[in-house]
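Residue numbering begins at 1 within each chain, and the chains themselves are lettered A, B and C in the order written.
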Amino acid sequence: MSALREETGAAASPSARSVRLEARDLGHRYGRRVGLEPLSFEVAAPGVVAVTGSNGTGKSTLLKIVAGLLRPSRGGTTLTFDGRVVAPARRPGWVGYAGPELAFYSEFGVAENLSFAAAARGLPAAPARVAQSLERVGLGSRAGDPVAALSSGMVQRLRLAFALLHEPMLLLLDEPGSHLDDEGRAVLRSIVVEQGRATLVLIATNDEREWGLAERRIELAGSGLGHTS
Amino acid sequence: MIARFVLLAWVLVCLLAAFLWAPLVPTLGETTRVLYFHIPSAWVAVLALGWSMLHSLLYLRRRDVEHDHQAAAAAEIGLLFCVGATVSGSLWAKAMWGSYWNWDPRETSIFFLLLIYGAYLALRSAIEQEERRARLSAIYSAAAFVAVPFLMFVVPRIYFTLHPDPIINPRGKLDMDPRIREVFFAMLAGFTALFYWVLSLRVRIARLERRFIES
Amino acid sequence: MPSGGSNSLAAVWAILHKECRSEWRTRYGLNAALLFAVTSLTGVSFAVGRLTDRSDVLSGLLWIVLLFASLASLSHAFVREVEGHTMMLLRLVASPTAIALGKMLFNLVFLAVLELVTVPLFLLLMGAPPPRWDAFLALLAAGSLALGASATLVGALIAQTRGRGALFAGVSLPLLLPVLAAAVSGTRAQWAGGAVTSELRLLVAYAVATLAASLLLYDHLWED
């Protein structure tokens, strides 16, 4: 693993906060199947970290564990914000997560889905926040549309808006570029660069256009599909 | 190894004593002998449920798969003894009360135990992932733990019962012939040891299965 | 400012509000439950006729109809999230306890609406107005509370199994048996003109015990 390349100016950003993520002997099994081979790493804000590895090595699993959605069967992660440790059960409040399995309520509109998320999270000034994050991903004109009417690229943008809604300290993006057009990729790039300047971003991807944005890579080993034992 | 044969001999001696040595209770007649099987079975059914629930709670706390093995094995064996207690009780009810089943509070309670065991095992069989199965069935077990005292103790107080109270009666004393008492408690100990032995076998199988799958 | 405290009342209310709006738009569960209740009620009424003086049969029928009409739909609260793949979104915006409490409140509202239609219709068809409305309504409320609390916990478990809806009635019955026993016996006593305090106390105690246990268990509901 390469060392974190210091980016001048990033640390001086006024909104920069201390975010540290540490994994120690972290591994997961789904029954008899290995989901993630044990690994250890330590990353800190500001910065963008790419998680790469061939299919089946556990990129999504790793991100879900960090997000607090999955309890690892071995080892664990420690997440600290400004010196305070955030237990896995409380992670969803602090972490922004966007992954391919994230779906929205089809009976509700685009803005309605985000309004619900904002209300459940107890965010102040919810309407302005929802409008702002929709603008940020280029869905401003689609706010009133039902989710069922969105294309898969637009759903991917909505996932990004959902992850950014509460200005998270740690942004977790699982295959964020999937289904996106060129304009969508430009939006994604600007979001990653901007968030990476102030906080910590983890991108799980095998797409060079995405991991190229990262200063550091965590390469997942493991059998994957390549050489099954 | 030797313990196994001692247990076998113990139960055999109890069995012979139950039929040849212990006297009959005048009001119950020959049906007295069901006492030596029915009550120990019911006792093991309750004990196994308690054991299963205890290990479910321990699993939720420690997340050690060993507790899940214990909880599942106890439930399987408990169901077996519960069926035994239900059938022997039902036969006795036919002889004494004239019908196999009439929703006496004791019958309701044992039926309730059967339902809990059945539901717990059905829930387990519907979940494939090992960790999820262990966690969700432990949650269910803990919830059922809350329901047990209500049905086992509160409902029989509301409804009128015909069931004899041979061990614990409202006056809190034992109304038994000493010979009946000796055979009964010996059988109770034998059944408890039997439960523990079968349980340890079942848990060992579960451990081996797990090791086989992981390798 | 990021908010870490998602275990708040805000989340519970947001979920209750979302559930109500979703139900209002799709009428996913309510239509089915009402149809079931009305069908079984008229079926029973057609088969047995008026039962003005049979308080034992009346109370049993009332609770059986209510139990099965609600069982048909109470599991949907979670099954719908799993089938729509929205469970992940929900888990990302609220704590397990807030999710379960929000769903439970919705289930209670759902039960109230269901009873608002079913119970008057039942009393009308059977020609048996309760002699003591206060006792009758108190039993109904306490029974629903206990029913809702148990059904929510089991519903959350069942939604994560292979069978989903199919197992719900069987698995929740052991937990609902105390409710059924106490509610039926209380309602019967009420029609016969007897006292209902012990049954009422039993129902409330069971609801409180189930709720207390649930609050300890909710945290373990979703971990994968």
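Rule of thumb we're sticking to: contacts are C-beta pairs under 8 Å (C-beta built on N, C-alpha and C of every residue); 3 or more make two chains touch, one makes a residue touch a chain.
A quick note: this is a predicted structure, and the numbers were derived from the prediction, not measured.
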Completion exercise
Leaving out chain A while keeping all other chains fixed gives the grouping one piece
Exercise for the section: From the Cα centroids, identify the chain that ends up most central relative to all protein Cα atoms. Expected result: C
Exercise for the section: Consider the two chain pairs A-B and B-C; indicate the one with the greater count of contacting C-beta pairs. Expected result: B-C
Handout entry: Where chain A and chain C are represented by their mean Cα positions, the distance between them in whole Å
Key = 38
Problem - Chain centre separation in whole Å, for chain C relative to chain B (CA means) - result: 31
Problem - Centre-to-centre distance between chain B and chain A (centres being mean Cα positions), rounded to whole Å - result: 51
Fill in the blank from the handout: Within chain A, the set of residues that touch 2 or more other chains is 71
Problem - chain B: positions in contact with at least two other chains - result: 128-129, 131
Handout entry: chain C residues counted as touching two or more neighbouring chains
Key = 223-224
Exercise for the section: Please give the residue numbers of chain B that touch chain C in the complex, ascending. Expected result: 60, 108, 112, 115-116, 118-119, 122-123, 126-129, 131-132, 135-136, 138-140, 142-147, 150-151, 154-155, 158-159
Fill in the blank from the handout: chain B residues touching chain A in their complex are 128-131, 213-214
Handout entry: Footprint of chain A on chain C - complex, ascending
Key = 1-6, 8, 10-11, 13-15, 17-18, 21-22, 25-26, 84-86, 88-89, 91-96, 98, 219, 223-224
Exercise for the section: Can you check the complex and tell me which residues of chain C touch chain B? Expected result: 150, 153-154, 157-158, 160-163, 167, 170-171, 173-175, 177-178, 181-182, 185, 198-199, 202, 205-206, 209-210, 213-214, 216-217, 220-221, 223-224
Fill in the blank from the handout: Touching chain C in the complex, chain A uses residues 67, 69-71, 86, 89-90, 92-94, 97, 99, 101-108, 113, 116-117, 119-123, 162, 166-169
